[in-house]
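Working notes for the structure below.
Chain IDs A, B, C and D follow the sequence of writing; residue 1 opens each chain.
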Amino acid sequence: MRARVHRRGAWGGQPCSTTLAPTREASLTVGHSGHPDYTGLAGSPSPARRFALVALIVLVFVGAGIGAAFAQAGDAQAGKLVYERKCALCHGEKGDGKGPAAELLVPKPRDFTTAMPSWAVLPEKDRWNLVAHLKTLAPDTFKEAPKKLELPKEVASSPESIRRGKEMYEAIECNKCHGTDGRADGPSRPELKDDWGNAIAPANLTMPWRFRGGSAPVDVATRLANGVVGTPMPSFIDSVEKPEDVWHLANYILSLGPRTLTYATLVSVTNVSDAIPDDPDAAFWKAIAPNHIALLGQVIVDPRNFNPSIDLVSVRAVYHDKEIAFHLTWDDPTQSVEDAAKKTYADAISLQFPPQPRPGPERPYFLMGDASDGVYLLRWQNGKGVTEAAANGPTKIAPLAGSEATAKAVYVNGQYRLVIKRPLASKQPDRLTFQPAVFTPVAFQAWDGGAGETGTKMSLTSWYYLRLEEPQSNRRFVVPPVVAILTFAALLLVVRVANRRA
Amino acid sequence: MNFLRSRFVQAVLILIAAFVVLRFGIRPPAPWSVVQLYMTIVLLAVLIYVSADSDSWREFVHPIRSTLVEPDKRHVRLALLVVVPLLLGYYAYTQAAARPQAPPELRAVHPAPPAAIQFRGKELTIQGLDNPLRKDQANLKKNIAAGGEIYIRNCVYCHGDNLDGKGHFAYGFNPPPANFQDPGTIAMLQEAYLFWRIAKGGPGLPKESTPWNSAMPPWEDRLDEQQIWQVIVYLYDATGQAPRRWETEH
Amino acid sequence: MRVPVGVRVGVFALIVMGGYTYFANSIPQIESKPPQELSLEGGNVTPAQLVKAGEEIFHTKGSCEICHRIGQKGTRAPDLAGIGARAGKTKPGMSAKQYILESLLQPGAYVVEGYPNIMPQVDKPPIGLNRSEVWALTAFLESLGGTVDVTLNDIPPTVGAAAAGGGAAAEVKLPGDPKAGEAIFAGKAGCIACHKAGKVGASPVGPDLSHIAKIQTSEYIMKKILDPVGSGTVAGYPKGVMPPIFGQTLTAKEYVDLVAFLLTLK
Amino acid sequence: MRDFRVVRQAGWALLPVATLLLAMAALPADAQEAAKEPAYRAFPLLGSRLAVWAIAQLHLNFAAFILGVPIFAVIIEIIGWRTAQERYDWLSHQFVKLTFAAFSTTALLGSFLLFLFVAYYPRFWMYMTSIFFPTYGIYALLFFAETFTVYLWYYGWDWLSGPRKWIHVGLGVLSNLFGTAILLVANSWVTFMMSPAGIDESGALKGSVWAAINNYTWMPINIHRLIANIVFGGTIAAAYAAFRFLGATSDEERARYDWMGYVGNFVALSAFIVLPFAGYYLGREVYAFNQTMGITMMGGFMSWLWIIQAILIGILFLGSNYYLWLGMERIPGSERYRKYVPPMLIILTLGFLIWATPRTLVVTMDEVRAMGGTHHPVIGVFGVMSAKNTVVNLMILTTFLSYVLYRRANRVSTRSWAGTGMAVQWAAMGIAAAIVTYYGVKGYFVESIVRIGYSVYQVEAVLGAIVVVMAIDIPMFRGARSTGAIRWGTIAPRSQYVLILLAVTFTWLMGLMGFARSGIRQHWHVYGVMRDNSVDAVTPALGYAANVITIVTIVFFALVTFIFWLGGLGERGQAAGHAHAAAPVLAGGSNPRR
């Protein structure tokens, strides 16, 4: 099946221009019943800014689970009310993307790729009314009915397909923006701008659970075929050798990372008997299950960080009778050190613990403690290595003398992998001694120096628990037989008593 | 079905059915602590059911006693003597070998507010305090709009643009941000309570509400009194909830 | 073998109570600790505790934030960010500690250029910090960029005597001259453009101040003049109309006189 | 012999009074001297707080018992006197005997408590004295009067019988009046600590002491404690009867104690049904006094305490109904009503489930993520006041239905209008249930302040139904045809364990509520006035409180058992010497006519 696509020009992987090519009549019917169909938009070639915005809004709303075939007529007036209540604060009353929230959001409100939530909570009728209202904001654009674009037949994922996809990935230069391994660290990254001139980051393809357009193969293939309106992401349907290559590409992209991710609630530290390797890429580490921890922007203390660069750190931790080691993996699109000229800072990550174990639930304040109740940090900075530090708040970090921690890091294709080691027991009273089978509070902070993150501009977590598994625990071999024997004895007693009474 | 007439069988079936409903019938799954509590109550009720009169109790005890005593049930008895300890032993094994979970936590939903707070060097009495903006009905609309702006600039990241506590940063914080759409949150509280929570944030919580975990910033550093009241009227307006009023007696 | 009734009943009661006790112990245990009250004098206070207490005073009782900000230049008073480092260099021959103490206790002794001499003595009403509080506040200010080296012995024992004796702020007698204040109300400050005060002024733009001393504390009045926005606006009146410039336009004497006048309006 | 015992016992009781007066005299006379006193001393090993807590709790348990039992003892005596039924007089005497045995222990514990306050919390006690000194004298006087009248009441039982019975009944009433007055005085001290009134900012008394006495929570606590004392007395008396029943050797003895247990439980249950309303009134006054205190109590630090309380109350409900159902078995003709048991049990169980649903959940982080917040969208609906008020009213109504069925178990109405009457009764209950449910559901859709008002309608509906049903029931079954006499003593022994369960649960619950009442003051001796600066200023966690309550409850029951055993020794000795006091024959032939 050949898709009927009308496009102008080729993108060839160049950084985007500010003109939009809105002549794509992208609509596709896909034999995949569980998924909604997508209605593309047609309109005049005028790249009006408002049009693009409205088009996007409509696209998103229509995409939000509504069958194109049943496109209902909405009441624009009713939609206006909903719009004013629910949308105008970001998108502005006129739909020009100049709502009060605009200055803080990245990408800006008009671009729906990350900041826009699903509005599936609104009743379907309201959503249709909204669509009708949005169309009135740029009436010229919607004079013509949308035309359809059809995707080629779906190709199931297979090693061959993925291999073909990888070839295509390089051939059409996805890596220029999305990076060799898809971690959004491509060389063009710093130059990317959306259609209105705002800097915009490419998607990290190893995190499909974050794809706003959906992480099903059909969703990815649609993005590839259609591009993402308003962003530097162009349509690739004509760049690939054969149309079905979009499916191979989609399969390849989806092979880069897991479709969904389960975030950890506890950092389990495995007990090992062998020596712990320093090399973060040693096979040893692959055998340890990672704990995925979500990082969020620090928005409490100025300067705040509303758009954190690092949002995930995967932690593997092991210990033996002398040492504890943390293997941390996180994506950072730029490897950077402190450089005043380029306005970049050292990439950094830190693990936070209370300075001493304490009974009860009380802990220091999660944001690096406060004046009277500080925290203990294991802090690694690119170019400086690991330090032990005490903090009494995010701006009051003091390194501790006589650090016993060591670290080794590697940076490959947009990803840091780091091993931090420390003796299990500390001789100093101001540093935590790790004890097995105890729930120890732990928190994380990370800085992407390349994105200007330093000081309180960071991403962080609130408190989690860390627990060292008991060494060679015999409990599971001792407890069950005891329980069984006791039960048996109790039953026997019951039987005997019953018989004596009978 | 004669089989279902047996009190013993009934008791077992009720317990199993209750467990299935409580464990798997409630979506999203009920916390394990609640399931345990419910099952204890159901167990008590079942015991009362089978023993509420003597006939019923005899009927309930009969199969148990006959299994324990009668010579022709010897094999059943022996089988039970083997199977029950094994089952319990296996259960103990699964418990002992299970990967440890983060321990459950308890966090007071509505911590007790102080009688008065210091707001930017000024003492504000919380008890009995009303939102001054409500007196100014003429400008209420304007204040709500202003509150909306403040909300969208400051609060939306955690509490979400639908005010349901599902903002961008909501998924990673523990405790999760409050859901204002839930009738159990702001609808149960006076506006002065919200003022206290907004002004003092996580660090202002009493100990039982784990202030060290809460990511709510103290907004008194950024918003002035009027702005906080504006956000509050916006919250109620946008969710369609009404604030709790102070009781007029006393 | 018959078990005696007493034993059976006893065991039964124990099981019942054991069940309740087990349940109460199985939920996460929370204690309610009393709020920490720092007893500064006589106790062993670490500098960190002192700084924390001082920070609290800075934000609350000290009312410092009405004029001073940390990391933000105020219109009425200097930015205090880095004061701990700067203080040692401001006045020749004075250590940071001495300078900060002087600024708190005799604010008029040295006024940073470009700012009006309006700061009240912190150990006198209406702020009225006691000796320990001055100690903690000094430690906090030192901690902003410097090292905390202040001890209680650095603070004259006479400090805070007025605060300790007076207690309630209601008894404050301000040294201002109400007559002169009335002239300022009508003249230089131009309050009558918006406010009515007894026979003076008539405009309904701002609230009628004819009985202001009856309904407001002297503290509030003093703050409101200097920080009209931060002190809140009376409901029903437009916000942000009252200009926040009086801290700069009025001299300290004029300011005190104006307050004295307003306090006569009962 | 007997006279000697009187003197000895009276000596025991008067000793504490003397101690009390001495202790007061020992207090430093003026403030100058007081300032030199240390604020606290440390009680060896246990610590002062635990010592005071345990002794106060024990004292309170005993005091509740000796104040509660005489109230219904005198009512039963009056019933016996007016109906000339010997067995009521016997029962009343039994109850007073129980009280009497516990009398001196109460006084002893009270004086010990006083000693603890004076010795270990001298500054606190000094302050309380500065406010309440005039009441101390009244207290001592009342105590003396109470002791005197109870002694006369108990020992004058035989002497003041026959035509002089009215004097005897009068003594009983008088002793109750004195007892209640003592309670009111002691409550004023306790409630002043919770919700001080009548003092100026420095904490000194402003006007008369009356303002300090009549503070926010005084009257609600008076009412709550008075009712709770009756419940408590009833359950303890019933548990005593159960204990005697289980150990009885003859059918006659079993019959007698079965009946006594039934009456004790009936008294407890009747008072228990109104207790939640009194508690609600108290809660409201706490909120009215201080919102912070109210939220600390209900939503904050103590929120889980109410879940435990809910479980205990649920068990009391289930247990009471279960006892009634088991009791119907000894009544011929009750088989007619057996079919109502399963539906009633279902209502009670569902009610219990909702009633015990926590609002603040104990959850792991995984569960929080699965729920999408700390609130559960389904369970959260049951955790709020609307749901709980609704189910507790339905549970009360169900319990009342159980009781109505029990009442008519062996009776068939001979009235011509019986059918209509019953229809009206059912309709009254049905309408009440409908009103309760309607307002319960509607409560989710209105704002809080309106919702709070709904609980009043719900309570009124239930009370209204109770009144209507009883107003019809009493004439309807007057002179009814009997299907057979109650076979006292034939009840299943497990029912007696239920009575013990109820007594243990209620005692434990009293301890828990004592902790709640005292704990909401948090780090204050006198809320907002006198801070607790002792090492024990921390309000302990629930687990610790539960441990203390359990230990105190065990000690209480051990003491009670010991005291009853001592009383029994005397009785046995007497029985050997004299002819046994005429115990009424209950088995067979006695069909209670009411």
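The rule is simple: contacts are C-beta pairs under 8 Å (C-beta built on N, C-alpha and C of every residue); 3 or more make two chains touch, one makes a residue touch a chain.
Quantities reported herein were computed from a predicted structural model and do not represent experimental measurements.
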Shared chain contacts [chain C and chain D, defined touch]: A, B
Distance-maximising chain from chain A - centres being C-alpha averages: D
CA centroid of chain B to CA centroid of chain D, Å: 31
Interchain centroid distance [CA atoms averaged], chain B/chain C, Å: 39
Rounded Å distance, chain A centre to chain D centre (Cα mean): 59
Length of the line joining the C-alpha centres of chain A and chain C, rounded to whole Å: 44
Residue numbers of chain D (touch at least two other chains): 296, 301, 304, 311, 362, 364-366, 369
For chain B, residues that touch 2 or more chains besides their own: 33, 101-106, 108, 166, 171, 174, 206-208
Set of chain C residues in contact with two or more other chains: 27-33
Chain D residues touching chain C - in the complex, by the definition given at the top: 242-243, 246-247, 296, 301, 304, 308, 311-312, 362, 497, 500-501, 504-505, 508, 519, 522-523, 531-532, 537-547, 549-550, 553-554, 557, 561
Residue ranges of chain A in contact with chain D within the complex: 263, 265-266
Interface residues, chain C side, partner chain A - complex: 28-31, 48-49, 51-52, 55, 71
Residues of chain A touching chain B in the complex: 85-86, 89-90, 99-101, 103-104, 115, 117, 119, 121, 263, 265-266, 268, 294-297, 299-301, 306, 361-366, 370, 439, 461-465, 467, 469, 475-476, 479-485, 487-488, 491-492, 494-495, 498-499, 502
Complex interface listing, chain B residues touching chain A: 65, 68-69, 77, 80-81, 84-86, 88-93, 95-97, 99-103, 105, 148-149, 151-153, 156-158, 160-162, 164, 166, 168-169, 171-174, 201-203, 207, 210-215, 217, 238
